[in-house]
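Presented sequentially are two complexes of chain A, the first with chain B as partner and the second with chain C.
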Partner chain A sequence: MTPKNIIEVRDLTVEFKKPKGSLLAVNHVDFDLREGSVTALVGESGSGKTTLAFTMLNIVNTTGKILSGSVNYNGTDVLKLKGEQLRRYRWKEISMIFQSAQSSLNPLMTIQQHFWETYLVHEPEADEKKVIPRFFRLLEDVMLDPDRVLKLYPHELSGGMKQRVMIAFSMLLSPRVIILDEPTTALDVITQDYIFSILDKIHNETGISMLLLTHDIGVVAKVADRIAVMYAGRIVEVGDIFTVFRHTAHPYAKALITTAPSLLDTDKDKEPIKGSPPDLIDLPPGCAFHPRCPYATEVCREKCPALTMIGEDHYVACHNSLPGKGAAAYE
Partner chain B sequence: MHAIIRCQGKGLLHMNDDPRKPIMSLRNVDMYYEIKRGLLKQPARIGAVVDVSLDIHEGEVLAVVGESGCGKTTLGNVIIGMLKPTRGQILYNGKDLSQMTRQELKEFRSSVQLVQQDSYAALNPVKTLYHSLCGPVLHKKLARNKAEALKMVHEALDMVEISHEELDKYPHELSGGQRQRILMARAILMRPKLIVADEPVSMIDVSLRISILNLMAKLNKTLNIAFVYITHDFGTARYIARNGNICIMYLGKMVEYGNVQRVLEHPSHPYLQALLTAVPVPDPEIAKKKRNLPLKSIEMPSVAAPPPGCRFHPRCPYSVDICETEEPVLLEHNEGLCACHRVKELPQWSLRADR
Partner chain C sequence: MNYFLRKLGTSLLNLIAVVVTIFIVLHMMPGDIIEPMAREEASRLGITYEEAYERVADRYNYNPQEPIYQQLVRYVKGLLRGDLGTSMLNPKNTVVSILSVALPWTIFVVSISLIISFILGMQLGALMAIRKRGIINNSITFYVTIVSAIPSYIIAIILSIIFVYQLRLFPKSGVYSIDVTPGFNMPFILSVLHYSVLPITTYVITSTGGWILNMKGSSVHVLGSDYVFAAQARGIPEKIIMRRYMKKNAMIPMITILAMAFGGMIGGAPLIEGQFQYLGMGAYLAKALGERDFILYQGLLLCISISVILANLVADLLYSKLDPRIRLE
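Showing the complex of A and B:
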């Protein structure tokens, strides 16, 4: 049985024009979001993960231009939606929790006004009295006291509470996909653990698909069941979480996973990845990772590797990890 | 191996049998901030650091770990002498900071350096790195002339693995990791005995973090510089301070102290046990196991109005009557220090047991 994809991104390229030249934040990317999965999109700042997520809601900033590709959601190309259609699609089908959920709330509106305003836009006939029980249930789902919280303004909530309000808010129209952009970066570990336990509960109860953008490997290991690693605007490795962690094939993904300092490591020296992330305006030719890669060969300097299947639900873009070619990163 | 003596009835003084002498000691240090709330109202007093006693030994790596608002950054600023504590003593080589002469204070300021979290904000954006690095050397008269200063700067750059050509650049032309290395170079130019590093890697790309931590370990080993590593991240704390000590803070107070490996494998304080339960581990087979947080509430109380008695009692699953009324003191337990009334009766907790 082949799993169903709820979002299919094909050959997507997003360009940002900068004074120094053009910057491809997303560079010919193919990406599938499996229905009902929690997929983590991992990469450093500037790797293009937020831009990729933005295209799924068709909210790429005005300086950015989509040069090629399509984003397929249930048979419709999101990038072709316009006006009212697009407005109905956003939040109703896919909602997003932005990186600074803290500042995603309007300081002049109470939490109830936030919920009601959004609801009214999508359901103009609605009666506020009738939907309030729904607001209550959503807030109870994230373990907040609705009686109190609905009347409060954002500044009266703590960071963790605001984040939970945003989760409840993103569930308001029962979307089929939630995109979470670094949802816990500014929060302490205990709050982070709690937020993920709530998301896990929502996921188990509703079967909603989630796309989690993060750079924290620990969080990925805990929450996700699929992982996609991005480097310099391209996806370099995708697959089932256990497969990718156990048989990491791309040297960058490998380094990212093994050099993450772990609470459980006792006494090992770790070898850092040499060099620094590339300048996106002036990318190295061939594979963008080759100047930092310990296994780089002649072909890496000339040709950019394509994403290739190397196992069941395991894809990698590397010349040297392909079967029969040495499989350098497989040890 | 620890002897503990009562110190004037206020808190405890911890004497370590470490053969190396402490270069810095904090004795019952309080740091209160006053927040004005209006003309007629009494200002609020916020205890960012309350009754902390600590020894930092020569060449030691001490990790100070806690959540936001626990007072770890304030503690760092007290250690480098940037903040004058509202109570308590800070001793550098046995000498009280508040009794030092001008000359001694000058020497102290060179010997204890700070490396900050935001490397961009810590460097003057309109000065080249040459100015930012040579300036302090000439000002402190560590070199006789510019040529000698430049030679020292080159040596420091070699140490932090930055090429000499970068000296003519401005801070914005460097990457975050390079800027953090420049801050390390600026710190070691003062020939310090101690560097306080306040979240030095939290703003750096993940692929570069290990290299900065390795650099700190190298400076610690080759130049015998002691480090106070302030962080909220247990993974990096364990990595950098693997042979050193760790100090856990909660709402301004030290709740546990001891050898890193021992404290993290077998934490005594219920707060630390809860924190460690919540830390995600980069291994899906371990991380996906369901563990319940041993906590009654996840909301952290306000530092301005800490709960009476043990500050952790409203969230602690083991709290009893005494925890609500009496504040626990740091007592020796399991070769370290722990501030908990019930520490001896609590069930054993191990980092790996339920993982």
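Showing the complex of A and C:
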């Protein structure tokens, strides 16, 4: 009885050519997004989260090239969609709130013009008068005053308001998936909390699937029900949120989770992750994490570990994650 | 305070600064232009040199022997009466009457040239930004490189050799044919257009390149912005993105440059107007400079400065109309 996957990424590799050489932002990744779940994709900047998310909209930047793999949405390979089909797929099926949500709106258009434009290109038969109540409802859902906000230009909104407008905007066509790329990065903690309570409410009311890209473990613990940890273009651990938090198996994931600040214990015994993120152009051989890993052994330097199931709905890519060894935590 | 009034105030301050600066700079030039004329007048009318000097100075409303502040007061008093003085070499013509003849022709040629080169530049620049490679892009780059390397008067000379002397398609000089009567009639309008073709073509050839490159740069910048990427993610068709997102945003800075270019071009291009003997501001500017007609020169400069100030004012007001981010200030 496995839950249905709404997105299945298989063996996906995305390459970026740089003057110094080529790098794989996403490196043979398999990833499932469960229907109706809130999945958190966690990793450092540059670990490939955003690139992986972009492939789900088939909107990889022109310098990036998809070398292999597929992204299946509801039985269709999104990467094979072209032209009009692709255009209609975007936002209607999957919408995304970008990391740069603050600058995602055309400075010369009002919020209403944005909403109406996007609605019209997907529903060419629509009548503006009939859909305006829908705009109102969406903005009310994110606690904004539609009467006022619809008439405003992007620069007339505060950061938190813009973010809420983007959330309402992402729900415009009732997509089945929303990707949220660091949705609260530029906001203060109170606004962050507010945004997440709105997202939580939307999720509970609509059952929409969400993919949350973040590096904030605290946020993950609060809103997600599944977590995937990415390191240097690969998924290193994925599973149900409780399982992963309780039985963290990958040394990197473990470090991420234990270094998260908490009100309950002191910072004294927190060990920072030693070393720095790897140079993606010149990855270390074997497991990309081995130079920073306290449990690294000979095999880690030679062979890249594959994602292996170690418990129910719990997958890890680590040579030393089997019970009783190294970082593994299944007692 | 009201945005418009504030801008107007700034423009007035600019104007005062310009009047004083032009006046002082020109009066710092060495040499007394009144002196030879006074000598000539003294011997012609048989009066004393001092008396003659006084008369000449009065005629031109300009006396270099007075202290400079007194001269400035005299000049400003003239200005307030709408008197810009009299051409020194052609005392029958006041500067105002020369301006009223020259300015309309220059405005006519400059506006048409600017409109044509602006529209061409916007379209081609946007096209270049969209198609990063390809024949169109390469040929435009080639054209711009060549044209920006050739001075405009060379192009004027080439055009007149081909179209005036070889093909005899266009007249050699003037602003309209002597056979037509000025007024709102067809022969006159056609003649005016006919005479303006070559100056306009020269302006367009030389200035379009700049517009193309400016627009291309601005468009490439906009194309790289987050809101264009976000629009693609929303499934907005490319055509709409190009028009409503790229072009509109990229053109905002262009509009400012347009208004300022208009102001700047009121000075005419003395060398272009000179080549076609098209009697606009540029031609008179060249003449005044060549013949050291100091009063006329001062008047022309003032008129050009006023155009630049006015154009800047228009640009400011236009900008606030086009860009909602400026509107509220």
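To be clear about the criterion, the second predicted complex is superposed on the first by the 319 of 331 C-alpha atoms of A that agree within 3 Å, B and C clash if a C-alpha of one lies under 4 Å from a C-alpha of the other, contacts with A are read in each partner's own complex, and residues count from 1 in each chain.
Note that a contact is a pair of C-beta atoms (placed from the backbone, for glycine too) under 8 Å apart; a residue touches a chain by one contact, two chains touch by 3 or more.
Please read all numbers here as calculations on a predicted model, not as lab measurements.
In the three-chain model built by superposing on chain A, chain B and chain C fit together without any clash. When the shared chain is aligned, chain C comes close enough to touch A:Y153, but chain B does not. Of the two partner chains, neither chain B nor chain C is touched by A:E35.
Of the two partner chains, chain C is the only one touched by A:L57; chain B is not. Of the two partner chains, chain C is the only one touched by A:K92; chain B is not. Looking at the shared chain after the overlay, A:F242 reaches chain B, while chain C stays out of its contact range.
Shared-chain residue A:S103: touches chain C; no touch with chain B.
Note on chain A: of its two partners chain C and chain B, the one contacting more of its residues is B.
Once the two complexes are overlaid on the shared chain, A:V121 sits against chain C while remaining clear of chain B. Least inter-chain distance for chain B and chain C in the combined superposition, rounded to the nearest angstrom, is 6, based on C-alpha atoms. No residue of chain A touches both chain B in one complex and chain C in the other. In the complex of the two chains, the chain A residues touching chain C come out as 57, 59, 86-92, 95-96, 98, 100, 103-109, 117-118, 121-122, 153, 155-156.
Listed in rising order, the residues of chain B touching chain A in the complex are 67-68, 175, 177-178, 205-211, 213-214, 232-236, 238-239, 242, 261, 264, 274-288, 293, 295, 298-300, 351-352, 355. Of all the residues in chain A, the ones that touch chain B in their complex are 44-45, 158, 160, 188-194, 215-222, 241-242, 245, 252, 255-257, 259-267, 269-273, 276-277.
Residues 225-227, 229-237, 240, 244-245, 248-249, 322-325, 328 of chain C touch chain A in their complex.
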